[in-house]
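What follows is a structure written as structure tokens; I'll ask about it next.
Going in written order, the chains are labelled A, B and C, and every chain counts its residues from 1.
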Amino acid sequence: MGKTEERLAALGLKLPPQLTLPPGVELTFPWVRVHKKHAYVSGHGPQNIDGSLAGPFGKVGGEVSLDDAQKAARLAALAMIASLKRELGELDRISAWLRIFGMVSSAPDFKQQPLVINGCTDLIVEVFGPERGNHARSAVGMAELPFGLPVELEAEVAIDS
Amino acid sequence: MGKTEERLAALGLKLPPQLTLPPGVELTFPWVRVHKKHAYVSGHGPQNIDGSLAGPFGKVGGEVSLDDAQKAARLAALAMIASLKRELGELDRISAWLRIFGMVSSAPDFKQQPLVINGCTDLIVEVFGPERGNHARSAVGMAELPFGLPVELEAEVAIDS
Amino acid sequence: MGKTEERLAALGLKLPPQLTLPPGVELTFPWVRVHKKHAYVSGHGPQNIDGSLAGPFGKVGGEVSLDDAQKAARLAALAMIASLKRELGELDRISAWLRIFGMVSSAPDFKQQPLVINGCTDLIVEVFGPERGNHARSAVGMAELPFGLPVELEAEVAIDS
């Protein structure tokens, strides 16, 4: 087990299996696209440990509380890490997180997107440490997200080899 | 004619000319920015074969149906390919699609952004094949898009030489 | 003083200090993430010369006029340049702007996001010149932005050394 997975285990974090899509939905793109020294991560939402999308669903600042939205951002970050593990085999290959685009399905007048996406940023830095885990970030308010997700994350990471 | 353009021809697909902007609009940035081995593709909407923006306009799930939105995503993908052709000269220079960010102008409660953007993803993979055409992807719901476009796409591709 | 800063001075432009966050907000990510020959720029809003977020706040096409939104986009571009100066030490190290993602908090039916983000694009090209300053760009309408910002910008630039 690599040092990144040892760190996940020490934090008591479990990676979810690949997303089980809602019925009738077919996605024809990879969750991670690797090219040379970069891995591009498709939009990920929060997942349950059985691979299904995790609720609560709806708009943050509306049906979904700030606290639940932060947890959703943390789960979505774990789902990205899980997809990277499946694609790269070994998470230690990730030398640097570069960019995370944090999207929050926002009820009218909800303006705390950065606090929501801190749930993702804090997890990435906890697991990868600041040198590898630090990343440029935006946290912004979307009109709608697929399947009623409260949070979706997209990312780019650098890989060593 | 390169193999990518042969494939476009075999599929009966025609690339539109450069976008004719609506009156009074001046855009001062390039449609494609090439730097070393990457090409960054500006936001593209669907275009008619005369170069004008293609309707229907409005929100998907509102004035614009799912079916029309998928067609718009397909046309916007063709517009990106056309801009890449003009910038690169030869589409065979594209060695890999890396990332597509799919934006859907969404009526309240419209949650099927992935199905809309499949119109783009499926076209890219049809034309470039899975090895070159696969890409990381997000499909998300915007409050508004320029000129009332239902779909806008941004992308990054790798080039060989 | 490098040539880029001489150009800023000749244009009468002053770079703001690092953002003073609103009370109670803690951000745990860097404003710029440098990796090898790329710098990834986190989401930036407009700033006053004292480092605070610059108003007016609200939706463009609603509380915020097109003219004020263009000025906000210009100020947000200056804030990005200021963060790059702090991270890179010398702005001449920027060899090319690659991509700017321009987000406009949009009132219903506001469709002129490209005109708003021209405030950013024009400034970047004025300061860096067309060869270095040209960039791929999207200009799109968000449901909400943090703290009620009318405009937020994210970017990627190439660095020489």
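General observations
Convention: a residue touches a chain if its C-beta (ideal position, glycine included) is under 8 Å from a C-beta of that chain, and two chains touch if they have at least 3 such contacts.
A quick note: this is a predicted structure, and the numbers were derived from the prediction, not measured.
Here the C-alpha atoms of chain A line up with those of chain B after a rotation of 120°, rounded in steps of 5. Counting the residue numbers used at the interface between chain A and chain C, under half appear in both copies, so the two copies meet with largely different residues. Chain centres here are Cα averages; for chain A and chain C they lie 25 Å apart. Contact of a single residue of chain B with at least two other chains is seen at positions 101, 142-143, 156.
Considering their complex, residues 96-99, 101, 106, 108-115, 118, 121-122, 125, 134-143, 156, 158 of chain A touch chain C. Put simply, chain B touches chain C in their complex at residues 25-33, 35-36, 38, 40-43, 101, 103, 105, 142-148, 152, 154, 156.
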